[in-house]
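Going in written order, the chains are labelled A, B, C and D, and every chain counts its residues from 1.
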Amino acid sequence: MLGVALLGYAFMGKAHSRALRALPELDPPLSPELVSICGRDRDALQAVAARYEWADAVADWHEQVADERVELHVNGAPNALHAAPTIAAARAGKHVLCEKPLGLDAAEAHEMWKAAEQAGVVHACGFNYRFVPAIRRARELLEAGAVGDVVHFRSRYLQSWGWDADTGVWRFDRGQAGTGAIGDLGAHIVDLARYLVGEIESVSATVRAFVPGHEVDDAFAAAIELEGGAIGTLEASRLARGRVNQNTFEINGSAGSIAYDLERFDELLVSDGGAYRAERVTGDWWPPGHGLGWGDTFTLEHARLFAAVAGKAAVAPHGATFEDGYRAAEVCDAIVRSSQSGKRERIDYR
Amino acid sequence: MLGVALLGYAFMGKAHSRALRALPELDPPLSPELVSICGRDRDALQAVAARYEWADAVADWHEQVADERVELHVNGAPNALHAAPTIAAARAGKHVLCEKPLGLDAAEAHEMWKAAEQAGVVHACGFNYRFVPAIRRARELLEAGAVGDVVHFRSRYLQSWGWDADTGVWRFDRGQAGTGAIGDLGAHIVDLARYLVGEIESVSATVRAFVPGHEVDDAFAAAIELEGGAIGTLEASRLARGRVNQNTFEINGSAGSIAYDLERFDELLVSDGGAYRAERVTGDWWPPGHGLGWGDTFTLEHARLFAAVAGKAAVAPHGATFEDGYRAAEVCDAIVRSSQSGKRERIDYR
Amino acid sequence: MLGVALLGYAFMGKAHSRALRALPELDPPLSPELVSICGRDRDALQAVAARYEWADAVADWHEQVADERVELHVNGAPNALHAAPTIAAARAGKHVLCEKPLGLDAAEAHEMWKAAEQAGVVHACGFNYRFVPAIRRARELLEAGAVGDVVHFRSRYLQSWGWDADTGVWRFDRGQAGTGAIGDLGAHIVDLARYLVGEIESVSATVRAFVPGHEVDDAFAAAIELEGGAIGTLEASRLARGRVNQNTFEINGSAGSIAYDLERFDELLVSDGGAYRAERVTGDWWPPGHGLGWGDTFTLEHARLFAAVAGKAAVAPHGATFEDGYRAAEVCDAIVRSSQSGKRERIDYR
Amino acid sequence: MLGVALLGYAFMGKAHSRALRALPELDPPLSPELVSICGRDRDALQAVAARYEWADAVADWHEQVADERVELHVNGAPNALHAAPTIAAARAGKHVLCEKPLGLDAAEAHEMWKAAEQAGVVHACGFNYRFVPAIRRARELLEAGAVGDVVHFRSRYLQSWGWDADTGVWRFDRGQAGTGAIGDLGAHIVDLARYLVGEIESVSATVRAFVPGHEVDDAFAAAIELEGGAIGTLEASRLARGRVNQNTFEINGSAGSIAYDLERFDELLVSDGGAYRAERVTGDWWPPGHGLGWGDTFTLEHARLFAAVAGKAAVAPHGATFEDGYRAAEVCDAIVRSSQSGKRERIDYR
């Protein structure tokens, strides 16, 4: 058994609770024991705790850090609450999973990574899209050389809820969120870029807040250079009407290409030089053609983390570590910096 | 709590086990208690029982029927094992969920329906596609008159595994399976036709077994008439190379149209008379654009069944009952009959 | 030079006029000389004649038949005016191209075919979709065995203008049109079925006129058997809201599959057993990826006909002859017959 | 009648020849008289001249400039031959149509524009994609406010022939071509950006030649700012395996969005705030749903130019002028400049 504490009970709280309950199905080497869930709204917290059978519901995250039953700390709280509880948990010897963006900026993310490393605990950053079967398959094809030398990577993550959102929510508060589309959506595609084609060397970006009352960016656009010489673009927006949750990338190389769109969850377009073929990639959970859902990516994420805790596998490369969280944050910071400087900004990891 | 017994531990056994474990997340009025799972292969059964935390693993389905702890009997066994255990369970006062096709033919399905009715238990047939959010949305649009008077319904369910399958599996054994593509795939689209646009009045069909060694049909094609006057086609095949699990329908009416393809799980095409728009329909489980998976349809199916058992809702119309299982079987029988007679065959419900 | 007369100046008159003017670009062995165009509305006729530089505009088709300058007679008139002028032209020794459906029924089409054969002239039926580059490519793949043994052919041709059309136009007049969706749309897909996968052996069909005031069918649905043992469906409708001009087919075989949709003119889906790949098939008129339009299929149709007249090629198989026009008509007649008889009707060519 | 001279007989020569021959169909106020075509390869030139019925075939472009029969000079020669003949023709009082990119750089393009203006002739730049019916429709929707305030414009033009091309062709020779993907593909999408959403204010770009032996760029990626405050990306590549001729854009605004992909020539995606609907936009040449081809955009381009020469319409805004050719060139120059400087470069029109 592995005792788990979860900080946060809203969107991410629900996603992680569900995944932890579903985890035994994947025959993990350790079984989750749902020790406690933490949040401020007592009634909402109790409801979530009951639904997912968390043993305790607590109001103060320090309780979880101090709780000896807890061996894994999962942080699904708003961004501003990522660093302190996670660092404290790691220092208390607990393994840590923290949602993305890891910190409010690269400095904070770096501190979290170093703290986890020094504590010697297993750490994972919540880049769940690495666990989409079609994206995993893309990585495998790239590793097998199916694309040859990569010359282009382009990705965009487009949503539209920003136009009509209540500006009072934490996601528009700079202090709570750090950034807007950059950390919320951009971090995901930066991580996928790194997972699939390697480090981003530079960004030339423009960041914009369009909607009155938004303290954080609504969108950014960037031209990028990758370590191996490839070039491309990254974009994210919460203001792309017609798009609900489009997370799409395309990779072109000397031998072939790969393209994907999260809105067609199970479909991976693969070119071996000629026309794209539409592969159905549904993983091996069900028979071919019977696909997973968004929520299942969290179950797979926990499966990998639990295997790592049990010493059966490493989190990386198929899961993201705090190092990945930090590295994505450096690229996000460079996007902000480039928008301000008007210059191509190199990513220099500290 | 509601005590549950499950017959079958393979594909359907896994799907129902998973759904039952996930069910509490949907705040059901009753919580599932996983009493026992039944199957013949002792080792495989034990593994599934352990993984999903079934209290008991039993070899003889009669034990489950006799078990007083069991209040709901779920049948995910091969087709030939649908009728006897399900009827026995119903007669023992247990609520029943049986996979599709309900019986080996319409006569057997009718007997099952009547037995459940006479026993006064709640009954549900495993037409899980009624629980795909996009398909539920299609039904709501139809009920709201968005399509006007329906003139066409066309549907096809295409897979390709039949070419290379081991002919020794029960799905190719007439005694075990009854039919092939008809009961396996056709029953699903017949049920969706009935759910969406009403009763099928007649079929003019051709049924074919192409692959040597297959005792049951590989494919059928049918022209149909619907009660309200609409016409259209139904097709199913296990031999459609390039298609892994394509289950698609289109409905045309005087005011608009609706089209859907299961391989684009979250996308519903809706015309209000003019061009189709691609709505993303992901249900209300997650925020918009974060979709469910195939397995989640079983969780929703059980949520409805549990609500029905608790007297909070009826299984129909958004879930399928044994009556629906029987009615689909009559259409399937008519497809076989028409292929043999060379005539348009009316569906006359007994 | 080859002297051409054209009967009809409306939709088809325009399509053929344009093609004849564009023809020299394809280096035909004979150059078209536009002798005369014929129609009843004097003003409209003159306008078309001037625009496309027809030498004469005449009111009576007999004039064209009697005109010694005319060596090719092109018939783009309403269906009821197909047989008499075409037969007269053939008997006068002129080569003939007649629009589809060739006659008002199979008997008339047969008479036209026999007349052309007896006259020893070159004859072509206006099944222009054989000249879509992607469809030609499909045929080549089939001939090369890329699909193996065909088990399924399904096709539908869906439009939506029937709901709101003026019922006074000739296309809704049984005497002028013969049939509705059957001859207008169905004949095209019957021809493509024959071109791609061979003779249709039987049809089990339902035909329906839905809209008050329509003398001819609005739609039909049919299950079919093909000579080689394959089964499938054919459908056509003028009442499919959301569809403007969708002409789509799919062919599944033992080795692969092919799928096409005219609304994606240049895209051919090809499976060599696994996932479909989306080939761009734009022909060799322009560089790859620069596609043709609908109108260009008529230019290619005339290029083949002119080559046949010059003795450089045969019309068939890549163009349709009167025999093809007749054979399609027999299938169309069988669709009507099956709808009335309620039986599977064999196609018995006379 | 309007006497026309054409410089160039290869790809663009064919496209313009065909369009001029087809032009009468569109009832232009002036009819084209094909006076002469010019090129260096005598045999190839003669063949093209004969096919399209050009009266004369000449070897020296000065002859065309000196020819009094010529009233319109069409330049479809390689890029390095755009400026001199076009300027000479304009100074000789001939109207001018020149292919894109207008000059080898913005300075040359500016000189061409000024020369045409000073000569008082009608001038048009060959941005033929403005004449795709779906793109024209996009502009009309934008003008009607369907998208509201534009926040994003993203476009990419991807081909793949660059990997395997003969590096000896003029398109890879810096002296002949000026740039590679930038002028060949990028100029098109820059022009569409300007046509659809207005001036580009700045670019932050990376330009790259990947393939050994290529003197010019194979690809670029750019983040852009638009005059009204919108941001987005532009990309072009000749190395995108799997893409043959993908020219796609998306525009997001406060009220809706529009998306287009040239590989689906007739399909325009339009959001009025919610889900995209797939409009079929086939223009009014044929009945709805019967689409044009790539070559027809040239016919429409000439129709507009001839109307302008006749004083019945202006070339702009639905056709591009030399001013548009120049302005696109300034953006292309800024892309090159930004790649070198590593800075966001403003476009300052001279």
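The definition used in the following text is that a residue touches a chain if its C-beta (ideal position, glycine included) is under 8 Å from a C-beta of that chain, and two chains touch if they have at least 3 such contacts.
Model, not experiment: these values are computed from the prediction.
Which pair wins on C-beta contacts, A-C or B-C?
When B-C is set beside A-C, the one with more contacts is B-C.
Let me check something: if the centre of a chain is the mean of its CA atoms, which chain is farthest from subunit A?
Measuring from the centre of subunit A, the most distant chain centre belongs to C.
Can you check how far apart subunit C and subunit D are, centre to centre, with Cα atoms defining each centre and the answer in Å?
From the centre of subunit C to the centre of subunit D is 36 Å.
Starting from the mean Cα coordinates of subunit B and subunit C, work out the distance between those two points in Å.
That gives a centre separation of 42 Å.
Taking each chain's centre as its mean C-alpha position, how far apart are subunit A and subunit C in Å?
Inter-chain centre distance comes to 55 Å.
Two-or-more-chain contact residues of subunit B, please, as numbers and ranges.
Only 274-276, 280 qualify.
Residues of subunit D touching subunit C in their complex?
Listed in rising order, the residues are 11, 15, 17-18, 21-22, 24-25, 27, 51-53, 159, 161, 244-246, 263-267, 280, 282, 285-296.
How about subunit C: which of its residues touch subunit A in the complex?
Going through subunit C, the ones touching subunit A are 270, 274-280.
Write out the stretch or stretches of subunit A touching subunit D in their complex.
Subunit A residues touching subunit D: 151-152, 154, 156, 158, 160, 163, 204-206, 208, 210, 218-225, 229, 231-233, 235, 237, 239-243, 250, 252-257, 259, 269, 271, 273-276, 338, 342-344.
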